[in-house]
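Next, two complexes with chain A in common: one pairs it with chain B, the other with chain C.
Up next, the complex of A and B:
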């Protein structure tokens, strides 16, 4: 039978034109009669014509977006092994709690005394975050990971200014395996970035770091576990060394999932660390919801924490809105209101439903799962660094050498197998990196299906079946896209085809 | 005119006291299709190893370091307008900048072609 259909649809895979192609200027969701007896007060200064926006009937609009949503891949459909992203299941209980009208319908400007429950929730979440990290203070308002980094580095900058050292302490040390946001944040705060080399086994080189320390060093920014999925075993010595040199220790908490309930950053000598609620504490992300990046602060940085902040006075909760009292030295305000309330509700639901023992199990199982994947895949693939990993397993492309298949081709073939690909080409310290983070969500059966499929693909690549990879994915709604052309000659806006061209078709 | 190479995969070729700098064929292959190049302004000075330019491919964005210290005297606008030039001739028409050296002896610290080939094969 033919592969072509009259409609262009393929079974349940329905084609979706652009809104501009599908809509028309005459249709409307609600058809109201033209008002009569009104007169424009703009005289002849009114718009010459209505804006050219396509309009739809309600069922048309519904079908457009439902069809698009069916082309999506989501954690609710299968394993989402993106490294450094912690794509875990978002429990439905969290959603139910976030939709309680007392939280969902609350206006951010509601008077304090009418919002005591919401403020109490933020306060309780603060307590949990401080307890889990062993830190004395937390700023709740940052809206995502990089925003939390900015909060931490602004607090560090404020502390340096308070000591009168802002002219001299200008250098920030960042490992070469860091998330790109780390150096970007440092530069945003007016620092210069100095790269820290790694060791043969994928950690920060402690001696090289010590050699770079001096009275011009403002801070080090280190991710732990790092972006190679490895625990920085010298972290305590790094913290001591930077403190001795008069600098501060910023820890990127993106990978906190691996150590939650097991190790407390406060005990490791950290001065500031952001926590991605949307990673470790299961609030939706990656198109599913906004992030939230509360930032914990040490005693040295706590006085500079941003406002607003929730405090408890007797039995009453207050939102500190001004730089006063304990917050007199605050570096100021990062956002209009108190932060991502919906995410706070979800994160606290997750914490309360897991409990302290459950959260410890989260950390343990995420590491166990990653090591299971690591050992199984190492049969065919080369590990980035030898030895066990934490929450994510890193592979290089060495095993693909001379096969004619690259990391990108391998990842695209995974789409045909029904998986979202892993993180590719990051961290940069490993050639053709493939970074796999299964999270604790996946069962052994799910991990086995994933590993069996990747091992099958690996054998096919080594056996010279390049056809399978070259233009993959073959089964996705769209096959391989020309990413180069898209980047070199991007089409950034839809242009209405000319009438003549339409008629000629 | 000999060409010298850095461990970060830049090449530098000296002609009189002007050095032409670019990224190596190996680097261009590793990056894949280059889609964006950012070059420094003419007249700007760099120390050896300073971030000098940015090259971005579909895979990654990388800094290009000054292999030797000096002042920029000319930049290759052609690869800014058409970044594919970097892939087409990384060690020829796809050069990045020309710089006036402040210390020619720094060239002696860099690798020759044979040493670089070995270095690239290891990477």
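Up next, the complex of A and C:
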């Protein structure tokens, strides 16, 4: 039996040409009324021809995109243990709610009176977020986690400007283990970045941090639980120290899932923290967004919150769209309109479903699941740092030493086992890092299958079965892709082949 | 607890495996007095209870489809084929992460490549990225990109740039000490040219602009390039690209825009879809994800995220932007809708939208005291009313008509614009809607 087929398809594994190769310039998938031939008012700005883009009829479109979808791994198919990404189950009730015409078919500039329900929903979500974080205020407009970071750091910058210290407070302290967005955000706000070293047990080195504090420090940006999956046990001392030095504490809330319902950043001395609704509060990640990054603010920063904001006056909800009243000192607008309404509906749907009791269980089960995986895998793999973890378990590549198998190879072999790999080579403070976040929506049976498989692979690596790893994955829609070629000769769009070039190939 | 699979027996067994007695032993690093706070929030609810709670909110809103509807200004109500929503709810698209493992994410990567190709073609540019949050943040990122390329620190914005976009640019640029200038927001005025000098990094021009006027991008580009400044063209109504000369064909350097109006619902302002297109020579200065074609180890075509040395997860404090998560699923909705229309279908939708707007303008021009200000427009135009437009919009809303966006909403407290009403139409606008608007407006003024 040959491995080749006449079509190039392999059973259920169907090859998909590009839209530009199978689409048509004659037929389309929409039927529209005839234009009436009204006189144009385009002046001299009208184009002579339609854009040169092909179309599908509806059945062709369905097939093209469904076939494409089948080349993706997804949380609905199995565990998606990307550390710091919180890939949990996305309830479909949330999708249904977000599509109610009262939300989905509502214009952002509709008169306030006609959008009271939407404003009321945002207001209720604000209450939930403030209560869950123990913070007095929340800015709803940030569009994603990194945008929330920008919001928090902009508020910090505005507070510093208000004190007349913008010329001197220019340095931001960021741990080596931080997400790349942290230093990038600080720089985008005009700050310089200074690295904070870690301790041997994977936390921020408090003494080293204190030594770096001074009247030129604007803020610290610390993730908690941190990117090693550990709770910063000195968090209050860190907050006190930075406050004493006249700076602010930005907390990266990417890992809030571990402590939701269990502990509140507001009780720990934090001044600002973004919340990824697409992580902790189950809005789908959508293959790269949309996200939503509401940012909670302390009393010290609340006056500088961005506009717009939703407030309640008596029984009426108002949208504050200019710098007035309580928002006179706002740092301004960071987005058109009012944030990710579609994500707000989904997140509130999720919060209402879980309630206070359920959300606490979310935090607990996410931590329990991670520790269970940690302990089981520690049989063969080396933990990044000793002791229990929060919602994600970190391993180094020490246990792979001399096997000829690296973290990347191991991860690619996981694909053949039917799993999405964990986060790799991050955080940077651990050699060949493997960061596993199972989330609370995995069952014990699912975790056992995952652990059994990884332990099997680990033993195989140690037994010298390098072939299983070196060219993995073998059973995916594609084998390893040439990323160097992609970067050296960037081909970022379809280009019509020259006449006859196809035949010559 | 329908989303939590662990049973109590599982939990006990797992705690034993982990080697602790209670779950709180795993939270021992949390300060004792901060652990298990008393939350003043309700307990869990079943599915129909949640549905009831949220539906009550939804019912209090007047949806665009509930009556005659003429609002635009950066968010447009076009028809979205049923196929689009079905595809974007496929589990494999909806519940996937950013495609970091290309071997098992070719579905996402290939549609991103198709999306980039569509956006590049529509804008008339050489390359496009895999999306930004929305049009306004894409505009701010374009200004930052122009700053990197020109090493200059002054942004000039046309008066017809959507005021929210202008504010977002200002918020971002002023953080780093740059100068931001904007020409006055006056319908039809073209004062921006006098403001370009040898320190200008870029000129930001929207066309159709916020008042609906079509701008001559070619003329502006010529002047800007003569002073060494780049031109950023902003498109807030993506459907216009089906009927108008592309910004790229008029020589601009960067095109940014809002892609919502293709494939995506109004959603009260988000999630939306930022479009970002540029010239090939500037790709290493671009923000955001880029998807590129390559081959796998067996020589088969495949796609990967590429040129990531521009990005925060590699370059950290030297990245071109801090953006990470963007608008992947909204880009899919755009791609599916575009692939159903093709270039020809888009031109038809654009033509129908333009005709709806022309008919609306004709009907309103016949009303005493209502003045249409535009000499040119695509599907949106501005009228001057003899009284405050916000009051008129509110009174028409009482009658179930969303008449448009009043000047007072976009430029609060500014007298020159408070009698202005900006009116948009699309292929969904019916003759009966236009009649209803005209007769209500006649009565109101």
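Worth pointing out:
Methods note: the second predicted complex is superposed on the first by the 469 of 505 C-alpha atoms of A that agree within 3 Å, B and C clash if a C-alpha of one lies under 4 Å from a C-alpha of the other, contacts with A are read in each partner's own complex, and residues count from 1 in each chain.
Just so it is clear, a contact is a pair of C-beta atoms (placed from the backbone, for glycine too) under 8 Å apart; a residue touches a chain by one contact, two chains touch by 3 or more.
Not measured: the values here are computed from a predicted model.
By the touch criterion stated above, A:408 is placed in contact with chain B alone, chain C being left untouched. In the superposition on chain A, the chain among chain B and chain C reaching more residues of chain A is C.
Once the two complexes are overlaid on the shared chain, A:335 sits against chain C while remaining clear of chain B.
Once the two complexes are overlaid on the shared chain, A:431 sits against chain B while remaining clear of chain C.
In the superposition on chain A, contact of A:487 is made with both chain B and chain C.
Chain A residues in contact with chain B (one complex) as well as with chain C (other complex) are 180, 426, 483, 487. Looking at the complex, you find that chain B touches chain A at residues 30, 32-33, 35-36, 58-62, 83-84, 123. Every residue of chain A that touches chain B in the complex is listed here, in rising order: 180, 408, 424-426, 428, 431, 483-484, 487-488.
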